[in-house]
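One chain, subunit A, links the two complexes that follow: it is found with subunit B in the first and with subunit C in the second.
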Partner chain A sequence: MQLDLSVLAPHAGFLWRGAILTAEVCGLAILGSVVLGALVAIARTASSRWLRGLAAVYVDLFRNVPFLVQLFFFYYGLPELGIYIDAFTTGVLALSIAGGAYASDAIRSGILAIDPGIIEAAEVSGLSRRVIFTRIVLPIALRTSIRPLGSVLINMILTSSILSAITLNELTGSGRIVASDTFRPFEVYAVLLVAYAALTWTVSLAVNLLHRRMNRGITQAVA
Partner chain B sequence: MLAIEKVRKVFGATTVLDGVELVVEPGEVVSILGSSGSGKSTLIRCINGLERLDGGRITVDGFNVSKPRELAEARKRSGTVFQLFNLYPHMTAVGNVMLAPVEVLKLPKKEAEARARRILDSVGLGPRADAYPAQLSGGQRQRVGLARALAMEPRYLLLDEVTSALDPEMTAEVLGILAELARSGTTMLFVTHEIEFARRISNRIVFLDGGRLVVDLPTAAFFSAAGGMAHPRIAQFLSKMQKD
Partner chain C sequence: MRYTEFTPYDIVLLAQGLGVSLALFLATSAIGLVLGTLWAVTRFYRVPVLSQALAFLAELLKNSPVLVQLFLVFFGFPAFFRVNVTPVEAALITLSANTAAFVYVIAVSGIESVGRDQIEAARVFGLTRWQVLRRVIAPQAAAFATGPLVALLVNQLQVTSLISVIGVADLTKIGNILNLRTLKPFVVWTVVGLLYYLAAKLVALIGARIETRLRAHSAWRGL
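Right after this comes the complex of A and B.
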């Protein structure tokens, strides 16, 4: 068996479109899960017991159910209730919701790590709760949680390959089609290996840059 | 006027403040002395609304700190400087100082920044105004803390052991600025272990012991044999502090 990538040449465009679709879904889901994660983290550190409980249930639920099952529920289950969502939107939503549960954990620990003295200083200077949250708590929490958040996001990119199970021909889905068309799974999946590695590597690079930028001046040694 | 009337504060089974009465008039510098655990810091935390009272009443220019609606007004009138600085780590010195003037006093950003830089300059930090807290020494951080409180132009400055976390050289930096503020007529309630300094700048000295206010005397009287020193607890405290 020899690696002969030339056999993939006629399918390069198809695979490329799959890769773009993966990037699109993941880009939107990264946005969605960070926003959702931040909101849920806020709820989980809120003073209202009701809000805290609701957020905890959400996190526990979506972390303890296989992603494939969540996906099938959204895509095949909801239409029974008359709710039809196309595969692309379902993919983005499912990834955002599952990723949001993990992201909220990362952000929540960032919030809990804040020195209470800092919050007290903000309170006595008369700042409103909203301002304290948006100008002090969240920015500090995001700075400390950006790295753990990064691994959540990378995991989400890896999980996105499961979306091929709901007819979304993203990178893995197109790979499977090409592999069965050409009978050359070795070449096809070798390309996929490299493509996913490149994608996650880009994200981890971006996270590192962001971490360095956000923490400039805050800690003496910025790793 | 800052009025503390029969204030009681309880933590579990411990009574931390027990019927404390104290009045601070504008222009006065009042130092609060007492050993650790005497309730000094708790008293400050009651005045700025960080602790809820279990009895009595505190008003700042008539605004009751126990009433949520009035607390905001009371807080506008007082500024607190903390022992451990409590600066916002993600903001520069200037950012720390201008945040509340912009968000609470609704000052335009430019004006707030000019004010922040002027005040930082006055505490000797003009050239360090754009540094982050982590890039500053302890003494410099505390001067930012002081500038942050002063930027709100408070009528009462509450100082909670502001030099306890600093080495002697940095302590001198900060005390020098406080002495200047005292001279310029800033009203201060000063919780401290710096007895000699308190003696130099205070109009009155208050001594707390086990949550009770033992004496409230003009500075000279506090240190006289017939005044504060007549109380065995105070004499013991002073002799011990001066030995250290």
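Right after this comes the complex of A and C.
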């Protein structure tokens, strides 16, 4: 019963590659979920009742079903449809879709927080609805929702550990391999625990900095 | 002989899995609520070293994947402390501690939501610190914290799906077994997802009921 971290030294490179994979998956998935989230947020604030209802169903569904179940649904279900994609793509896809539900909530509240006067002014200026959305509503909404989007990203980093269940050897998956190689599971998982905490802590610091930088002019009004 | 068709007994299996999931959810939620509230109370009493240590522990548990925590307890503890940990014990320990960490944060903000002037007034009237906590802070903090707590519990219900990875026969594990036997991923995972969804909705419904009751004293009753 002695904490001996030196046994992990030969495996540091392997774990590092796992961490890189985690970063890649999360980077792609946050991109996917912000795009999807923005589209769904537009649908949820649309004037069409059908569109709003459909988007609400999507968000409700993916927020109330465990991610592991969603992941298995895609991982085992997609080949059934004749779509053969590897664990990495499946993981990014599943994370994007699940993250999109959370991101849409963040962006939606950003859209709803916009002063209606701004949109009226844009309408009066004769801008088309598409231009109002892409040039006025979305930039403001994305800017004010950086902080909630940051917590979506942090949640995604933690959730990405579940991808080890579909044979993707990201940080947790690599940890499992190292643990069974060295017979030192306690040391391996303790290091992983601290590594994840350090990673998410750094990300939340970076998000706060970004939030402050992007909202320099309007911090008082929105923060 | 291979049974690739669904049998009536599969319904019993699913019901068993749902029962295991719900039982573990209820047990870990109850333990987590008590434990997290106790952590918050040590902070209220400003217990010197303990409250800082608990705050750090809560931060660590909140910022690392539940899966890694689960592996640390299930694989790490037996190797390190030379104790036997069954899958159900590991699930109980991990999920309770994880829930407690989130409850701690909610309880602390609940306590802090009560105005300082109220506490000072109560102290001036000669109430002890315990009486202030029990009679003045607790009722208001409970009403304040119910909303976030229900959201947390809905989330924790989904987190229980992770224990299938260490071999607890919960709903997700049953889904896995049925999926591998029948090779009908869409049917199996849709049913499993639906059961989780209904359970989550049930938790949210009960939570909303409790919240209305706790907030009854401040509700608008009309003139």
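One rule holds in what follows: the second predicted complex is superposed on the first by the 219 of 223 C-alpha atoms of A that agree within 3 Å, B and C clash if a C-alpha of one lies under 4 Å from a C-alpha of the other, contacts with A are read in each partner's own complex, and residues count from 1 in each chain.
The rule is simple: contacts are C-beta pairs under 8 Å (C-beta built on N, C-alpha and C of every residue); 3 or more make two chains touch, one makes a residue touch a chain.
Quick caveat, the model's predicted, so the values are computed rather than measured.
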| item | value |
| --- | --- |
| First (subunit B), second (subunit C), both or neither touched by A:Asp115 | first |
| Which of subunit B and subunit C A:Asp86 touches, first, second, both or neither | neither |
| Contacts of A:Pro139 with subunit B and subunit C, given as first, second, both or neither | first |
| Partner chain in contact with A:Arg184 - subunit B first, subunit C second, else both or neither | second |
| Which partner reaches more residues of subunit A (counting touched residues only), subunit B or subunit C | C |
| Which of subunit B and subunit C A:Glu123 touches, first, second, both or neither | first |
| Residues of subunit A at both interfaces, subunit B in one complex, subunit C in the other | none |
| Of all residues in subunit A, those that touch subunit C in their complex | 1, 3, 61, 64-70, 72-73, 76-77, 80, 154, 158-162, 164-165, 172, 175-176, 179, 183-190, 192-194, 196-197, 200-201 |
| Residues of subunit B touching subunit A in the complex | 48-50, 72, 75-76, 78-80, 82, 84, 86-90, 92, 99-100, 103-104, 131-132, 134-135, 145, 148-149, 152 |
| Of subunit A, residues touching subunit B in the complex | 115, 117-118, 120-128, 131, 135-136, 139-140, 143, 217-220 |
| Parts of subunit C lying in touch with subunit A, wherever the complex brings them together | 59-60, 63-69, 71-72, 75-77, 79-82, 154, 158-162, 164-165, 172, 175-176, 179, 185-186, 189-190, 192-193, 196-197, 200-201 |
